Structure formats: C-alpha cells, structure tokens
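Order of writing sets the labels: A, B, C, D, E and F. Residues in every chain begin at 1.
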Amino acid sequence: MTILNLGIPKGSLQDATIELFEQAGWRISSYSRNYFPDIDDPDIRCSLVRAQEMARYVADGTLDLGLTGLDWILETEAEVEQISTLTYSKTSNRPSRWVLVVPNASPIQRVEDLQGRKIATELVGFTRRYLAERGIEAEVEFSWGATEAKAVEGLVDAVVEITETGSTIRAHGLRIVEDLLITETRLIANPSAMQDAEKRARIDQIALMLRAALTARHKVALKCNVPAHQLDEIVGMLPSLHAPTVSYLYDREWLAVETIVDADAVRDLIPRMRAAGAEGILEYALRKMV
Amino acid sequence: MTILNLGIPKGSLQDATIELFEQAGWRISSYSRNYFPDIDDPDIRCSLVRAQEMARYVADGTLDLGLTGLDWILETEAEVEQISTLTYSKTSNRPSRWVLVVPNASPIQRVEDLQGRKIATELVGFTRRYLAERGIEAEVEFSWGATEAKAVEGLVDAVVEITETGSTIRAHGLRIVEDLLITETRLIANPSAMQDAEKRARIDQIALMLRAALTARHKVALKCNVPAHQLDEIVGMLPSLHAPTVSYLYDREWLAVETIVDADAVRDLIPRMRAAGAEGILEYALRKMV
Amino acid sequence: MTILNLGIPKGSLQDATIELFEQAGWRISSYSRNYFPDIDDPDIRCSLVRAQEMARYVADGTLDLGLTGLDWILETEAEVEQISTLTYSKTSNRPSRWVLVVPNASPIQRVEDLQGRKIATELVGFTRRYLAERGIEAEVEFSWGATEAKAVEGLVDAVVEITETGSTIRAHGLRIVEDLLITETRLIANPSAMQDAEKRARIDQIALMLRAALTARHKVALKCNVPAHQLDEIVGMLPSLHAPTVSYLYDREWLAVETIVDADAVRDLIPRMRAAGAEGILEYALRKMV
Amino acid sequence: MTILNLGIPKGSLQDATIELFEQAGWRISSYSRNYFPDIDDPDIRCSLVRAQEMARYVADGTLDLGLTGLDWILETEAEVEQISTLTYSKTSNRPSRWVLVVPNASPIQRVEDLQGRKIATELVGFTRRYLAERGIEAEVEFSWGATEAKAVEGLVDAVVEITETGSTIRAHGLRIVEDLLITETRLIANPSAMQDAEKRARIDQIALMLRAALTARHKVALKCNVPAHQLDEIVGMLPSLHAPTVSYLYDREWLAVETIVDADAVRDLIPRMRAAGAEGILEYALRKMV
Amino acid sequence: MTILNLGIPKGSLQDATIELFEQAGWRISSYSRNYFPDIDDPDIRCSLVRAQEMARYVADGTLDLGLTGLDWILETEAEVEQISTLTYSKTSNRPSRWVLVVPNASPIQRVEDLQGRKIATELVGFTRRYLAERGIEAEVEFSWGATEAKAVEGLVDAVVEITETGSTIRAHGLRIVEDLLITETRLIANPSAMQDAEKRARIDQIALMLRAALTARHKVALKCNVPAHQLDEIVGMLPSLHAPTVSYLYDREWLAVETIVDADAVRDLIPRMRAAGAEGILEYALRKMV
Amino acid sequence: MTILNLGIPKGSLQDATIELFEQAGWRISSYSRNYFPDIDDPDIRCSLVRAQEMARYVADGTLDLGLTGLDWILETEAEVEQISTLTYSKTSNRPSRWVLVVPNASPIQRVEDLQGRKIATELVGFTRRYLAERGIEAEVEFSWGATEAKAVEGLVDAVVEITETGSTIRAHGLRIVEDLLITETRLIANPSAMQDAEKRARIDQIALMLRAALTARHKVALKCNVPAHQLDEIVGMLPSLHAPTVSYLYDREWLAVETIVDADAVRDLIPRMRAAGAEGILEYALRKMV
C-alpha cells in the first residue's frame, strides 16, 4: 500500500488546519512534543513542518503533499505543483500582505528610493528578486524576527514585513510605502507524486474534500414558506446556483422553498423575503458542499 | 452614504457579542489595542465602549446604536430608545440581579433598615433614587470594585452588588437582604437616529437579524418517520408554532414529519415520540429563525 | 417529587461531560469552587465527584447515577448497574489502556516476570487481583501520581499506568510489557434506584438522550441531486440504515436523495457519488439521532 | 490594647507594599479572596482597600493609617494627615503623572483650548477644580477605564490619563498637551488617630521603619583596602554622610576603609577608587538604614 | 565513592526546597519532565519524590535521605530517623494542621460524635489510628482530593483535611471541630545509612548547612554608632546571643557596635536605639549562620 | 556628549541581562512593545536586538557595544572586539553546546559519516565551515526552529542543535554524535568605538562593573570568632585571595576573622571550621567585588 506523506503547517496555522481536516473528514490528533500527529487514515502519514520549510520538503519528495503560504513557495522557489488555494483561519477580514515599511520621517516614498539602502526581512530571497527586477541595488539582510523593531531602532533603513491591518505598524510610528505581495495558503504537491496514479487519486480526494469543507463555510441552507402568489417574486430574490427546491405544503396556498445561498447575503435577503411575505424562514449551517 | 455608529460592549460581554453578530451575519474582528474593530459592512463603524458608558454615548448621539445592560441605562438615566431585549452569554441559568448585601450578623433585615447607614456600590445613582423613593436617607458612595469586600471588612454597613447565584456572597459570610433590580442586555438607539429613515432601516435590520440568531439558539428542527396510523397521536405531541410538514415516504405506510420545537422540550419529547412508534428521529441545529 | 442524584466526573472529563449533557438537552453550569453545578431540571441534583470515587458513592446510594471509567468500577469492585458505554472526549483515535511498564533495560519481558518484584500504581486493587489470578506474588503499592517517574528513578521495578499512545512512556526510556485493561466511560446506576419506577424512568431518559447525542456525533445527513438514470447506482453506494428518502425535483430528469451515513464514510463516498453523476452534494451535522 | 487599622492598597501596588513591609519588619500574608491579610503583629489589623478609596476611609476613621497616591488624596479632598512620601515599585525611572491628552490632529494646544469641550477622566474632581481655577468651562465626565480609547474613538475631545513614559499614548496616535499633576505614594493617617498617643507611637514606628527600608534600597556599604599614602585621596572621593570608618590592617602599609554611599554613585566611584590604588573593593546590600 | 540518594519533595514544596539547598550551598537544577534533578555535587544523586511517598522510600533504603512532612511520616508509619525539623516555605504565619471538618449544621461537636459515621481523608491510616485510640468506630475512606467538597455535598459525614488559616473551610459553610495534628517539614534518613560512617558524615553536613541557611533567615546583623556615654544603655537593649562587637571610632567619643539579633525584634529595637542616641543604624541580611 | 549605543539581547537572555546590569549599577526598564529600554544613564542608548543579529550590528557600527553568544559571533564572522566572557543565567550547571544529533538507529557514528548527507541547523555558516575544514561535503540547510523534529521525522539525516543536558534530545529517540561548539555569552564592541577615547572609557567602565557583579555572585564574605590558640589552624583552611582580616575581641582569648571565599567552598569549609573550634560563623552575600 502506498503511504502519502502529508505536511501539516506547525505553528499559527496548525490548529486551523487540523480543524479544517476534521470538517473535511479526517481526524488528526496532535500532542505537544509529538512530531507525527495521528490521523485516522492508514494510508496517510502526517508530519508537522514549519510553513517556511514546507515547500522545500515537498519539492525534494520528503513530503508528497503539504499546506503553506504563497510567500514561502515564492521565497524558496521550490518546484512544487500548486493544487488549490485554501483561504482559512484569517484573523481579520483583510488579506495578508508583505509590505515595505519605513519610519514616518523617512525620506523613502517609493520602492525606487531603496537604492543603496539596508533592508531587513524574513523573506530575503523574494525581496532581493523583487528589487533586482526593478533595477534597485540594496543590501537585504535576514531578520530572525521582531523585524519592525529594526526600522524603529534605526538598525536598518526599511523592513519588509507581513501584516493584515497595518495597525501594529502605525502604532510604532512606521509607515507602509507599498505592498510587495498578497499571500494566502496553498495546497502543494510534489510533481512526481502527481505522476503516481495512486498518490494522485489520494491527493485529488484530499483536495476535493478540503474544498468541500471550505465552500460549506461560506454557504448556508435557507428554508421558508411562501404564499403561492408571492412565489415568483421571492424566488427571484434568491441568488441560487441551482434552482431552489419548491414543494407544496398541505395547505395548497403555501409552498415550501429550500435553497443554498451565500452566507454573506442572508443579512440583506431575510428582511426582503419577509417584506415579500415569506414566513418561517430558517437558516441551517452546512458541513460540506460540492 | 450614511454611516451607522455602533457600540460594542467592551469587556465581559465583548466576545459573546461578537459571536452573536457573526451568527446574525456580520463578521467583527477585534484585536488587542485596537479601538475600532473591523466589521465586514462598509455602512457600519464599530467602537468598543464600556457597558457603563454606552447609554451616555448613545444618548448624546456619539453612537447611533449600542448594546448594554438595563442597569446602566437606569443608572445613567440616559434618553435612549430601547429596541430589543437580547439575552445571551449568561454563565448560569439564572438572571443577573443587583442585590442589597450585608454581613450575616448585621441587624439590617429590610431595605428600610438602611436609614442613616453607609452603603457602597458601583450603581450610585440608581441606588440613591431607589432609597429616596422609599423615603430612606442613607449615605451612598461610589465603589471602584471589590465591592463586597467593603461589607466584609466593615468599611461600610451594606453594599449593592451584582450577582447570579449569590454563591460568592455567601462564601464570604455575607447575606442578601433583597433584590433591587433584575437586569439583562438591551439594544438601544439614539432617538434622533430613529427619526433618520436610512439609519432606522439599518437599525431595524440589525435588530431583526440579532433576534433571528437568538431565537435559533432556543429552537431545533426535528425530523422523524411515523407509521401512518400513529400520525395524529405523534403530531398531537408536537408543540409546533406552525403545523409540521408531513410527506409520504415511498413506503406509503410511513410518513416523514418535520417540525420546529423548543430545544428545551426535546428531552421529554423524544422518549414519548419513540414510545408512540416514531423512528429515525433526527435533531438539527438552526442558525437563524424568523 | 423524587430527586435523582447525579454524579458528574470532576477533572479531565468534566468539561466534555457537561458539553455532552448540553447536546443531550440539559444545561449544566459549573463554577469554580461550587460543588453543586446548576442543572436546568428541577428533578436532578448534580454533584461533582472524582472518577475514582464515583462507583463507591453510586454503590452506597449517595448517588443514583454517575459517569466513570470501567477501570475505577473494577478497582473499587463497587456493586453498580452498568447502563451504557459512552465513548466521548478522547484526545486521540486510540483507546485508553492500563499498561505494565518497565525501564527499557529491565529483564522483565512478561507479566509472569513480576514474581517477587515491587510495582507502583494508582490502580492497586485491580493490579493485585490481576496478578493473584495468574499466581504471581508481588508487592503492589499505591502511587499518588507521577507514577512513571518511579520506574525511571528505580524506586520500583515496574509501574501500571494509563496511556493512549504510549509516547510519553517511550520518551522516558520506558517500555510497555503488556496491556492489562482497556477502559472507557460507563454510565452506572445504583441497583435500588433501578428498582424505583420513577428513578428508573429518569435514568432511562438520560441514557437514551446521551446515546442520541453521541450517535449524532458519528453520523451526518447527506443530500444530493441525481440524474434519474443514475439513481440506482448512487443509492446502491449509500450504506444507509434505512432506505434513503427520494423525491422528484421540478425537472423530472433529476431526483433529490437524502440519507444518513457514518461521518467517517463521507470522505470516500463523495468522490464516488460525484463520479457517478451526483450534484449539489450537501452534508449537514446532526445534534441527536435515535 | 489599641488596635491600629491599616489599609494596604489593593491591586497594582499590593505586592510591592507587602514586600516593603516585609523588609521593614512586618510579615503580611495575603491570599486570594481573603480581605484581611494576616500580619505578624497583634496590634495591627490590615484591610485591602483600593487606592482610590483609601483616603476616604482614612479620613472618616474607618482606617487609622493607609498608603495611597497623592492623586487620590487630592481627588477625594479627604482630610488626612500626610506622614511621609514613599517612592517604591516604580516600573520605570520616570515619575507618574496625569496628563491632558488629545488626538494628534486635534486643534487643542493648551489647556485653555478646552473651553466648551468634553473631557473623560477617572480623576473627575481634580480635573474640574483644575479647570475652574483657570476659568475654563468644560464638561468633565467619569471614565470607567480604557480612558485613552475615548480620545482615539472621538467619544470625547480630550482625556486626562496617568502615564510614566507616554509611549502607549503616542502609540495610539495621541498627543500630550501638558502635565496636570505629578503623583507619588503617600503614607496618610487619620487626624484623630494622630492625637491618640498610643496610635501615634505605632504610626511613627511604622513610618520610621518603612523609611529605613526605602533608604536602604538606595544605599550600599562599600569596603576596600587602600595603601596608606593614598588614604586621603580615596577618602576624599567618598561622598559619605558620615566620615568613613578607617582601620589598620596587620600590614600597616594598608588600611581598611568602610563607608555608606549612594547605590547610584558606585558605578562611577569604583573605577576612580581602583585607579587611585584601592584593592579588594566589596559592595554589600543593606536591608535598613536609619 | 559512596553516592548519597537524596529525595526532593515534588510539588508544592519543590521550589522552596531547591531554593533552600541553594542558600545552603548546593545548586539543584530541575527541568520539567526530568526525574533526576542535576546537583553540583558528584556524591549526591537527587530524585523527585512525592511528599506522601518519601518516608516509604527512605524506610526501604531506596533513598538515604529525604524531606517530607511529619503527617506523611506518621501516616506511613515508616521506620526512618528524624534528623531535623525544617520550617520553610510557609505561605502564612500559622502552622499547617490536619483538622476534623463538618458542615456548619452538623450535630457533630466533638471527635467522639464520629461514632458510626463516614469520614473521607487523604490521611486514612493516621485517622483510623487516631479514632481507634479513642475507642471510636467509624468508616474512614480514602479521598483522592477535593476532600472538603465531600462534606459540602453530603457524600460523607466529616472530612479530615489540611489547612493553615481555615478560611477556605469557612468559605464553604464548613466548621472545624478540632485539630488532629500539627505538621511541619522533617529531614529524615534511612537508619542503615546512619550506621554507614561516610553516608552519616554527608547527612550531618547537609543537615548542618540546611539549618545554617534557615537560621540566617530569622537573624540579621545590626551595626550602629553610639556615643560613649550611652554605650551601656544601648548594649543592654541588644538581645544578643554573644556579646556585641564594640570598637572605637577615630572620634573617641563614639563607638561602633555590631551584633546579631532576631529579625523580628528589629522593628521594636531600632526606635528604642535611636531614642537612646544611636546613629547610622544599619541592618544587613545573612545567608548562613552557625 | 558622546552617546554609547548598547545592544541588549532580546528574548531568553533579556531578563537576566537587565538583572545583571541592575546589580552592576544601571537600571534598565523594559516594557512590552518598547524597542528602546530606558536606562538611568544619559550617556547610553539601549536597543533590544536578537542574539543572532547582535554581532552584525556591532560590526557595522550601528551599535557600539552588545552582549551575545560566541556561537553567533562565529556564525556571522562579524569583525568585533571581544571584551569579556560573561557567564550568567544558566538554567543548569552545564555549559551550552551545539551538538550533532541523529536518530538512535542512524548509521552515522562520527562527523565524517555526514559525507553526502542533508543536515538542518540554525547555525548554517558555522556548520558549513566546520565540515569544509574536515573535507566533508554535505548539504546544510537553514532551520527556522523545532530543529530536532526534523531528525525525528526523517526530513533530514542529522541536525546541529544547542543543548545543555541533552535530555530533550534523548527523550525523542535521538543520539548526540559529538559536540561541535561550546558557547557562552560575550561582551563585544565595535573596533572603531574602541579607538574613540571617550567611548572606550565607557566600555571599560561597563565591562569592569559587569565583571564586578558576576564575581560577587560566586563569592561570599565569611566572619567568625576563633579561639586564639586555634587561629593558625583555622586561617590555614581559608582559601583566601588576600590574607583574612583578623582583629581582637574584647575578650582577648578570641579573635574575629573576616575573609572572602568561593561560595562553592563554604559547604565544606563551615563543618571543618566548626570542628576546629570556630564559633558565630556568618555568611554574607556580596553585590560587587573588584
């Protein structure tokens, strides 16, 4: 039997990833100090791997499949196949982005002003290539963390740092010059594993089920009763992918309508449906949707 | 575009409020040290405000809408419109109440015995009016917290404190004399905002969706299959708001019944339904119900 | 009115037990330092009791009903009626078991090698009987905790300890000789209470609802639309307890199929259903299933 | 025997106060939930009292003696006798001060610009008097905490808040307009208690010993051996209160010098003493100095 | 070389014990999950052992020396030699004692009233013997912890529990009937080890140094300058074990006095010395005193 | 006035460094989120800098002086002047060392066996040079942390990791092949700063005072009274740097002896001194010793 080596990102994404796999159908148990989380699937072997190193180990075949950020795929220039973009576990409503940051009082206004300057970042390779492509010569040095402090303390001229809202950056008297990269989580596979029919089938299954779980997080089922003469108007409001399911109630003046809609749309939809005469409106959560 | 200024109660109610809004259809992201939580609705601006101060800022129009306790509405005598009572995030099955508390050995047995005494409370205004209405003259002083300690230590004769179960009070050798006020969370609006058509529509939408989410917490959907000859008996048991939905199964001896009932009633209902011949009984959670 | 005295296991199982009761239909509120958790049922009185002592208090009638592990039922040889096995709150996918553990370098290879040795365990009675039944004479002493340390430090020759994965044991240079007991949670009742018609009815109700909640954790509802000509093939895939519910959609070429399946089976089922032409596949969670 | 009622400030100063009393010679034991800390002196009874309320209870005689900040003495206008200023438990090298704070972009540049504005502060009484003395009319409202947030969120025009370094204020995009009050901890007594000979003796004893402990924190004992011919030069460097103690060593070419100096001065003194020929320089900590 | 096996009590006494050994001259390093703390003495091997089990392992020779409470020495009736009583790490100023506790409303007023009752305690052996010696027959059962809860919940009639101040007991509506045992920490040795000259010398050394450290915690060195004519009066105040050291200062009108006194006495001594004319009074801490 | 830029190591050494500076005579106040700790010396400006990056910023003159490990000085090959080795804040009695680690079952027995293998480490530069000097070709890749996990999981063949006791390594089924580097903390300075007379004087002062503080941690003052006829024997035991100070007591049969000895030696010294007739032996701690 072929075993699929799966990399689970260690650290800030770990719990959210395990929760996503659980919703998708795999139970992963992770203990402190255990480097091989249990999974209730004999064909998969899990390892906890840092997001920064995931692409490297997927590229060299140590892992067949893994989850990591686009940033670290680009940083390592690892040759991996990108199967799916999976957006989960965001702490805000805004995307994560790597930004060029300088002190408020710095003369640097555009990325071109970095010419001849010193920059600290955890994303050294990407930043060097980004500058080189624009013909900018600058010293880019690796930062072990607390990167923004280096700009505050004047240890460097600028830093390239990840942020969602930018509020910590502003709170320290720093200024965002521009965005260098919008990043999000990707499911990546080893190219040879994708040539192996058995492994590919497992990878496709996992990708399908993870997407089914994520899709279900943004959809809800809506049911309601509508008076027969209002059916068309109310059905017309529903932005359904498929036609809603309509069935007669015992009282033939009323019909039962059931449909799937975007979770985000419901707060505007329910008041309108109600105004149009819908009654007994119910919303149900979904666990998977394909 | 009109922006609605919404006050989210900071502190003990904060997480529960954000969770309620999420169920109702708005995603609020709150970070430490950020005073304006993100909300995924461009027409709303959130501020974190202490429950004690919410009514004051809603009354003077700094906020259009907010959530706070009845206690602080009464304490501040703020002129606000009370839109809805919203009961959520209770840690026990009992209501929160402000009680008059004295040491076990105190001669004080009724509120009238406070004549000439010294009382500490965080709810100074309410307590003073409460006593004045009953013709009792007493010194009421503001307490910055740890109020019950003042009765234990003999710094004052009595305290007016909030409690649910009274167990902490008893554990310190204190005694509840009587309840002064039962409190719960209220959605309140600025009276002028309620005159503005656009703001009012937003407020009504928010109130409707918050209620839809709270109602759904106390209801469940119940499905089961019943033998045709038992239908009337089983349907008779169901305390449904509306008539249940009944449909024939392929096997015409059996019918599928679907209904909405109080979550609390299910533990008594299922044994009776089963005794009456119902099979395949399933309970589903709801996310919204209007 | 007859009051049922119910023991809730204090400690590691406490939160999971309260959560299970909530799903089953009873809201229990537990505060620090309060020994009688509130329950929203006037006929039940809850006490927090250690798992080790539960069977003792159920046997002597202090409690009517309680939850504890099989290990402590056997340890105490308490005369209780075992109503149900309830598997919940496992931190891994593996069962809990009491194992005989020795240092890696120990000459002990089988339980018979314990002859004349010193063993530490929290489960003294069970271990003594286990050895006696096999004709092994050994000194078994009570361990107040940190039991495995005693084998590491050489204070004893072997220990009998509970584990799920054995990883902590291996991490300390210890070796599992054999499993002595697989344990799991049991709902137990006092035999006299089971003779009291009123108490028995309450116990049966609680057992039924706890099982309904646990069953629902391992099942899901699956809905999908299937082309009429693929119906038999797709229905044939579904490992349903009962026949699935099938209904025509407005477009008579398609049918709606609804069924209950094991949650574990879904990750394999959905890819096959999809390959066979099913569309709009949805998974819903259940809260109770009888 | 007369009992002295002593108020220990509850909260941020509590641990530092207990530590100071321990150094001064009284062991106070404080447990969570216990409002009367034990003290190893049968003539004293301790109560934990909030800093904000200490002066009030000392003024009305409920307490004889207490420690609190100058800010709260002024805020409450309590009639108490100020025995001693005690500076301890500072988290920085800078004094605590109440400052007038506005958003960076506010037009308010001086305290006079507050005319007609709304201000939030925990120090309502002091702030009102401060403004009234300068002929400024403004609305000053009580803030239950998180005061600076109110300026950030625009709930008020300005806030009066306590700070040491001002860094949190700047981090939130706020600006300090001016300092209103420098505060520090004071030992305060009830005026009648100071008229009672027995109580006064106890108060004087406590004040003396607390000062002895605090003085010792800023002084050290320095010992060294100096060549006889360098004695005058080295002794001349020592900023001793009293003349240093000088004694001959067995080898009459060398003398032992012992003195008390400011702890702060030592880092500059030792290099100079060494350059002048001193050897075997030792620094000892002191626990009390009178 | 003979190795001395030393048991360090695991748990609540652990940090205080390691700190005491450090003051006495041995540096012990304890890590989580390491059962053999490092010690900077090649002749000693440390093990972490529960206080409850220490006496057992010292009696059977697994350990040569250990620290545990008198309560557990009596409970286990272990044959060990008691070298020293060491009082350290008390959280209050009162001794630890095992007390008989009942609900406030219990008819039990004296230990004799336990006749025929059920008692829970962690100290089963001691309690049984204590009752047997008084001719009281009662059922004494082992409690795994949270013992006082059993009296509150009515699971037993009384409990025997350890306490210092009794405040938790009172807070739960319980009452102390009487003290059964005052306990404190003892240094205990294996009798055979005490016959081994080399081990005995090590044990004596450790006992001497631990006592030297503990003694130093209750003593301080006091220095002051006194006018010659006041010498006798001031020296007369000093409750010195030995005569104080007196030496002439350069100014022959003044003498330097140095002595060792009880730390507790200083708060009364310094005011009197100062009143008698002493100046430059200094207190120094000690690390060891023999 | 010349400002000296001083780098304080951020993270695990931070608190210990601030404590050392306080003992040496400088009070540093560090707040969360503040990158410039306050220091009570107007001539010094502190920055918090990661140990890994300290040498880089000292070498390029951004900092004049800093503290970091020898490991990171070697890793970065930074051109800095090493002023002093400062050993403080060790959690064990053993030195920190970078070790080559492999799984227990690995065929790698010597560093030479790494030929052609893959190694993960945070110390990439040092490891590459170490192998190159021995003619070993291997792939050395940067590890972002949790390095030992990579050997456990088989992501690499070996890791180079820092450890004190090796116990975590053994607990994970790994084996130390050999030590590559013993490291400790160094005070380093920028070479140009050392050419600047003013800066050099400040650096020398800081180095002198830090050493004075560290020396004092390993020494104690010992005082005792000895009978005149035993003086020579007892003085002969004392491993003093300088001759002890001896003075006559009033009773001329006894002499007072005072000396400085290694703290480590005291546990053996006191029993011998006592056996030889010394009395009133006292140990005092030192805060500085030059």
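Here is the rule we go by: a residue touches a chain if its C-beta (ideal position, glycine included) is under 8 Å from a C-beta of that chain, and two chains touch if they have at least 3 such contacts.
Worth saying up front: this structure is predicted, and the values here are computed from it rather than measured.
**Q** Among the other chains, which touch subunit B and subunit C together?
**A** A, E
**Q** By mean C-alpha position, what chain is farthest away from subunit C?
**A** D
**Q** Using mean CA coordinates as chain centres, what's the gap between subunit A and subunit F in Å?
**A** 44
**Q** Counting only Cα atoms for the centres, state how far subunit D is from subunit E in Å.
**A** That pair's centroid distance is 35 Å.
**Q** Hey, what residues on subunit B touch two or more of the other chains?
**A** 33, 171-172, 247, 284-285
**Q** Show me, using the given definition of touch, all chain pairs that touch one another.
**A** Contacting pairs: A-B, A-C, A-D, A-F, B-C, B-D, B-E, C-E, C-F, D-E, D-F, E-F.
**Q** What residues on subunit F touch subunit A, complex-wise?
**A** Residues in contact with subunit A: 10, 33, 35-36, 47-50, 52-53, 56-57, 62, 141, 143-146, 149, 152-155, 171-172.
**Q** Taking the touch rule as given, give the residues of subunit D at its contact with subunit A in the complex, in rising order.
**A** Residues 170-173.
**Q** In the complex formed with subunit E, which residues of subunit F make contact?
**A** For subunit F paired with subunit E, touching residues are 91-94, 165, 167, 171, 220, 225, 247, 249-251, 256, 263-264, 266-268, 270-271, 274, 279-285.
**Q** So in the complex, the part of subunit E that touches subunit F is made up of which residues?
**A** For this pair, the touching residues of subunit E are 24-27, 29, 31, 33-34, 38-40, 204-205, 208-209, 212, 216, 221, 241-243, 245-247, 260, 284-290.
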